[in-house]
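Chain IDs A, B and C follow the sequence of writing; residue 1 opens each chain.
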Amino acid sequence: MRVAELAVRFGCEIVGDPETRVTAVATLEKAGELDISFLANAKYRSLLKTSRAGAVILSAADAPDCATTALVHKNPYEIYARVAAMLHPQPKMRAGIDAMASVSAQATISQSASIAAAVVIADGVQIGERCVIGPGCVIGRDVHIEDDTRLVANVTLCHGVSIGKRCVLHPGAVIGADGFGIANTDDGWIKVPQLGGVRIGDDVEIGASTTIDRGAIDDTVVGNGVKLDNQIQVAHNVHIGDHTVIAACTGISGSTRIGKRCMIGGAVGFVGHLDICDDVVVTGQTMVNRSITVPGMYSSALPMDEARRWRRNSARFRKLDELAKRLGQLEKDLKANR
Amino acid sequence: MRVAELAVRFGCEIVGDPETRVTAVATLEKAGELDISFLANAKYRSLLKTSRAGAVILSAADAPDCATTALVHKNPYEIYARVAAMLHPQPKMRAGIDAMASVSAQATISQSASIAAAVVIADGVQIGERCVIGPGCVIGRDVHIEDDTRLVANVTLCHGVSIGKRCVLHPGAVIGADGFGIANTDDGWIKVPQLGGVRIGDDVEIGASTTIDRGAIDDTVVGNGVKLDNQIQVAHNVHIGDHTVIAACTGISGSTRIGKRCMIGGAVGFVGHLDICDDVVVTGQTMVNRSITVPGMYSSALPMDEARRWRRNSARFRKLDELAKRLGQLEKDLKANR
Amino acid sequence: MRVAELAVRFGCEIVGDPETRVTAVATLEKAGELDISFLANAKYRSLLKTSRAGAVILSAADAPDCATTALVHKNPYEIYARVAAMLHPQPKMRAGIDAMASVSAQATISQSASIAAAVVIADGVQIGERCVIGPGCVIGRDVHIEDDTRLVANVTLCHGVSIGKRCVLHPGAVIGADGFGIANTDDGWIKVPQLGGVRIGDDVEIGASTTIDRGAIDDTVVGNGVKLDNQIQVAHNVHIGDHTVIAACTGISGSTRIGKRCMIGGAVGFVGHLDICDDVVVTGQTMVNRSITVPGMYSSALPMDEARRWRRNSARFRKLDELAKRLGQLEKDLKANR
């Protein structure tokens, strides 16, 4: 691929030789002359001088430091993503149903879809054009999957789940398991039937072993363009707004609604029945214990410390209220003495 | 179903028309005249006036506000659960073994059990009456599953695990993987064989991607009526007492014993070798680092704050011990000055 | 097995009858005369007097308290692990490919390997001698697995992953799913292709539902002898040094490098792009938010407290900075008054 073609296709300016040819992407350190690399983080700028990359995607500010052909764009990481997708396309899967898949006669599978071995598809399922259902996936009755969605492998979709277009679901993801609904009775806890479904929008990515429970009565909803990392737990009746991204190991309790374009860090915990407005950023390991009405950044985890000092400080924490009262008393005494 | 029949069956009082017919459950907002709804949370009481539900299950205190037929009971959520289970029964699975299941000739499967495609069942397995083993489940040698238990799909039971009656295991659950037993040697860490099993009681529900490890020598034990949400980690030799419920993402380290009727929040972490007495409540994200001998409520996570203020406060935390000492010094100085 | 043989094989000293025969391991409480037990934790020393074990592995210091035949060694837990592995060997799996496995003709499977039912193996896969691939495992194209490695069941290895010798991967583990690479654009977040692989060393154990993502460009790397517990999340381009052990539910963000021989507690969260030196210990639930250059122990989680006191203290925490300022002001005032 000539750099000139990339520049035209992705709207970049070229500084250097437009005839440079690249065939693959690589990091600045490891790139050779047929590789294209990128610089999106100022921290790595020093590598520009020594990189042997055939071309580098970078911002105008970094272009002067580039020893080789530069593709200049205001968002180099975006252009890198698009170039990488073009140079390294997803391998085409053969259309058709593997002989070792178990597909209900009452399911409707597009001719262009690819259904791998050890897949089990129940009655009433609809699978769109060019979908790829990887090995070991289980798709319950009446699930609808729209065009160009890919289930990598060992994904479980329980009955009635709907998935939009161009989604990617990674191995171990479980969509539509029963929500955790239990009622306390004289005979102990009894199960509350979970009768809602899960609706996933278009262009959603769902990480490995992420779980999204079906609603109790109404549906659990994941908006368009949402990106979920691995091992996230989404409880029943949660709503996640369009283009919100969530890092790994975060848990969202039942009926909480998260707005659009939020960025949620890893291992965050949301209490149930909250409303989080659009454009909120939550840093890692925060306990979100109340609704958020003002866009901005929120936190609650304590930073790491050397263990001995941490022990002394955390012991004091257990008496923080008493400490504050002693301070108040001192202030009062001093005032009285004056 | 006539409301009068529901009232008789579940011991409710009727306020309104006993001939009202309902066919499904729905939320107060969305219910139509053939739906039955419920009110269990005072927060939603205002919806009673506008709801178009055919009937509503609620407490005596809420009955006067109900514009439609009311089914009155002291525990409306329990009655809702029972009515919902009756109106929306689990679909019956066809008994028998799917042609695409792999079942050992040395396994004993009840005639009334249903074994789906892509299931693998090893030697010595016993599966009780009316059990449902969903697609993709793997059941290791000598596993015993009692009557009416359901493995939804892609559940893994390792060798020797025993599961009681009427349990539900959701997709991705792994029961009986090796506990994390390692011994430090001059050659690095070596594996300690995990020779115990896992015993699960009756009426237990186990959430998606929850993992319960086998014991090191003796068994890991989960009592009757225990309800576990998704992505919970239960380490080797843990004991969980009857009717304890645990929310998602909680982790319990090895050999810890949790009592009966406890309620454990989400993302709680238990250190190993603890004893937690009956009737303990632990709030979300708590680090349980010592045994609990007194029933009550326990916590440790800091609540969320706006990030700038949080940064200032957490920076101070690192010097909390010093702060406390300075306060003590001031108090001493003042005393001396008097 | 005669105790004398164990002593010779594992370099122990015998106190008592070398002709004692043992056939199984058991705990000190439950052992009978044909069982061998061990004492590695001083807390259980009192059980020595009443144990009915045929023999006990213990340290020289504990030998005088032992009422039965003692096998004395400086590291009794190591010897217990080795004896247990000898008395309770992993059952041999029959070599060969199950009729209900789906194995590509372009895969190379050793004659001595065992491939179970419902396994799916893609083109270009290489599986070494005596490997065991349990039921439901999915192995993507060009995966290499070296000799004596065992995938218990329902493990997913995505394309291009390599696994060393003598590894054990527990059910639900997912190796090589796409890293969480997304670029923010005017059209919302777009996927950044994840083009690297995952390289796992020799003698690695990977727990149930643990996820290790493939690298973005270069590989994610797990060193030799690393032991990972359940439900751990390892993001793209993380490096974990040889002989490091990590407890359950820990998450490691992208590009973080952890040194050799580290011991990481449960539910720890690592921010991305950190460097953690060798021989670091991190206690449970810590937020590791900066690099560590000095070996030692690090922490950040607050210990549990009774909920009412905790609420008072955590409310004060929100004003800790103000508290500190008030203290500083008092000190200044007092100085001025003198």
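Keep this in mind: contacts are C-beta pairs under 8 Å (C-beta built on N, C-alpha and C of every residue); 3 or more make two chains touch, one makes a residue touch a chain.
Keep in mind that what you see is a predicted model, and the values were worked out from it rather than measured.
A.B. asks: Would you kindly give the rotation angle relating subunit A to subunit B, two copies of one sequence, based on a CA superposition and rounded to a multiple of 5 degrees?
C.D. replies: Best-fit rotation on C-alpha atoms: 120 degrees.
A.B. asks: Over half shared numbers or under half: where do the identical copies subunit B and subunit C land at their interface, same or different?
C.D. replies: Under half shared, hence different.
A.B. asks: From the C-alpha centre of subunit B to that of subunit C, how far is it in Å?
C.D. replies: 25
A.B. asks: Using the touch rule from the top of the page, what residues of subunit C touch 2 or more other chains?
C.D. replies: Correct list: 100, 118, 136, 154, 172, 209, 231, 249, 267, 301-303, 305, 317, 319-320, 323, 327, 330, 334.
A.B. asks: Considering the complex alone, what residue numbers of subunit B touch subunit C?
C.D. replies: So the residues of subunit B in touch with subunit C come to 100, 102, 118-120, 136, 138, 140, 154, 156, 158, 172, 174, 177-178, 180-185, 188-193, 195, 209, 211, 213, 217-218, 231, 233, 235, 249, 251, 253, 267, 269, 271, 281-283, 286-290, 296-303, 305, 309, 312-313, 315-317, 319-320, 323, 326-327, 330, 333-334.
A.B. asks: Can you list the subunit A residues touching subunit C in their complex?
C.D. replies: 25-27, 30, 75, 77-78, 80-82, 84-85, 88, 98, 100, 116-118, 134-136, 152-154, 168, 170-172, 203, 205, 207-209, 224-225, 227, 229-231, 242-243, 245, 247-249, 266-267, 284-285, 301-308, 310-311, 314, 317-321, 323-324, 327, 330-331, 334
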